[in-house]
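First, the structure itself, so that you have it in front of you.
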Amino acid sequence: MKLVKVIGSVTSTIKDDTLKGFKLLMVNTVGTDLRSTGDYYIAADTVGVGEGELALIVTGSTAKQTEATKGKNIDAAIVAKVDRINLEK
Amino acid sequence: MKLVKVIGSVTSTIKDDTLKGFKLLMVNTVGTDLRSTGDYYIAADTVGVGEGELALIVTGSTAKQTEATKGKNIDAAIVAKVDRINLEK
Amino acid sequence: MKLVKVIGSVTSTIKDDTLKGFKLLMVNTVGTDLRSTGDYYIAADTVGVGEGELALIVTGSTAKQTEATKGKNIDAAIVAKVDRINLEK
Amino acid sequence: MKLVKVIGSVTSTIKDDTLKGFKLLMVNTVGTDLRSTGDYYIAADTVGVGEGELALIVTGSTAKQTEATKGKNIDAAIVAKVDRINLEK
Amino acid sequence: MKLVKVIGSVTSTIKDDTLKGFKLLMVNTVGTDLRSTGDYYIAADTVGVGEGELALIVTGSTAKQTEATKGKNIDAAIVAKVDRINLEK
């Protein structure tokens, strides 16, 4: 999984039928300091996270194996909302 | 998915039979400022996007699961045209 | 596999059901000097490693094939604790 | 797919049996200016391209799905020779 | 495939059962000048290569399809020893 911050969303009218109904969030991978590490993904939200929140995404074929995304043409999905990061002292 | 901007296309005469009939678009991954983040893909267009437009691509095995790309030797496909990016204030 | 150092963990209450019960460790890919090479993963621990230790992760579909992770929506898993790195002289 | 330039080839005597018979080309990913973007692949040639030419590669499981590469332990294959790149003005 | 140089190995006592018996080599991706391009992998050796030698690795699901690695939780495997790199003049 990758730790990401939700930074926005995208709106799309013309799209693959299987993408309909998903909230497509724009997320940024972040490191321990919660700053961007430079990678962006558009991920289908399967758990309900808000903008500015931290989350975990799965990518590739794993993104098509949640209850919500089975059989959908999705390769990035949010699977957890992150409450806290605990760093080694 | 990755947010991309369509920047051109490629023409190919000698190619795998399963690639025939697809428009092969050259796309650039972009960040929130819509500037290139440095990655290029050649993606099969499955929804009809024009040059200069924003789109979403899927990569890997997901790219072979749209109606149009099933059984094709394709690992990058455009699955949505992006109308608007909504960024967190 | 990727050589990583365990640098922390994440806590998540709202998450995909199949992620429940896993310790989700934050890891950093490292090179021969054991310094970060810049990539972070959140990996499900399947062997029991502690913070600050070196480990191996598998990613993608392989991460779903250990005894512990079969059928889970996991795309990064720790599969070995590393005792020693032996470098060519 | 990735746009690449063929820059050479590798010779290997000791190798996995399924790799025998393939021309293993060394390729460089390129951007719109046809300069290297820094990634190298060794790709099995399935269409017949020469050194210095532009081509498209597929990677991952897709590389094992052409007529020539089915059942082979290959994760990068050349699937098209590129005649022309058409860039947005 | 990726061109790599074998730079060492890792020793691990506590690990996934399916990893037992494999020599786990630390490898560095290299470019045409044989210098590191910055990526490290820990790869299961399936052909017998020594430290300092050049080799080809496959990654992802392909790494689980050699005779030696079928059914193993491995996502990077050495599949060829490279004798010579032939570069375009």
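Each chain gets a letter, A, B, C, D and E, in the order it is written, and its residues are counted from 1.
Here is the rule we use: a residue touches a chain if its C-beta (ideal position, glycine included) is under 8 Å from a C-beta of that chain, and two chains touch if they have at least 3 such contacts.
Not measured: the values here are computed from a predicted model.
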item	value
Required minimum of steps from chain B to chain C, each step between chains that touch	2
Interface composition of copies chain B and chain D: same or different, split at half	different
Mean-CA-position distance for chain E and chain A (Å)	31
Centre-of-Cα separation between chain E and chain C, whole angstrom	19
Residues within chain A bordering two or more other chains	60-61
Round-the-ring chain order [start: chain D; next: chain E]	D, E, C, A, B
Chain A residues touching chain C - in the complex, by the definition given at the top	1-3, 29-32, 37, 46-49, 56, 58-62, 65-67, 79-88
List of chain C residues in touch with chain A within their complex	6-17, 19, 24, 26, 38-43, 51-52, 60-61, 63-64, 73-76
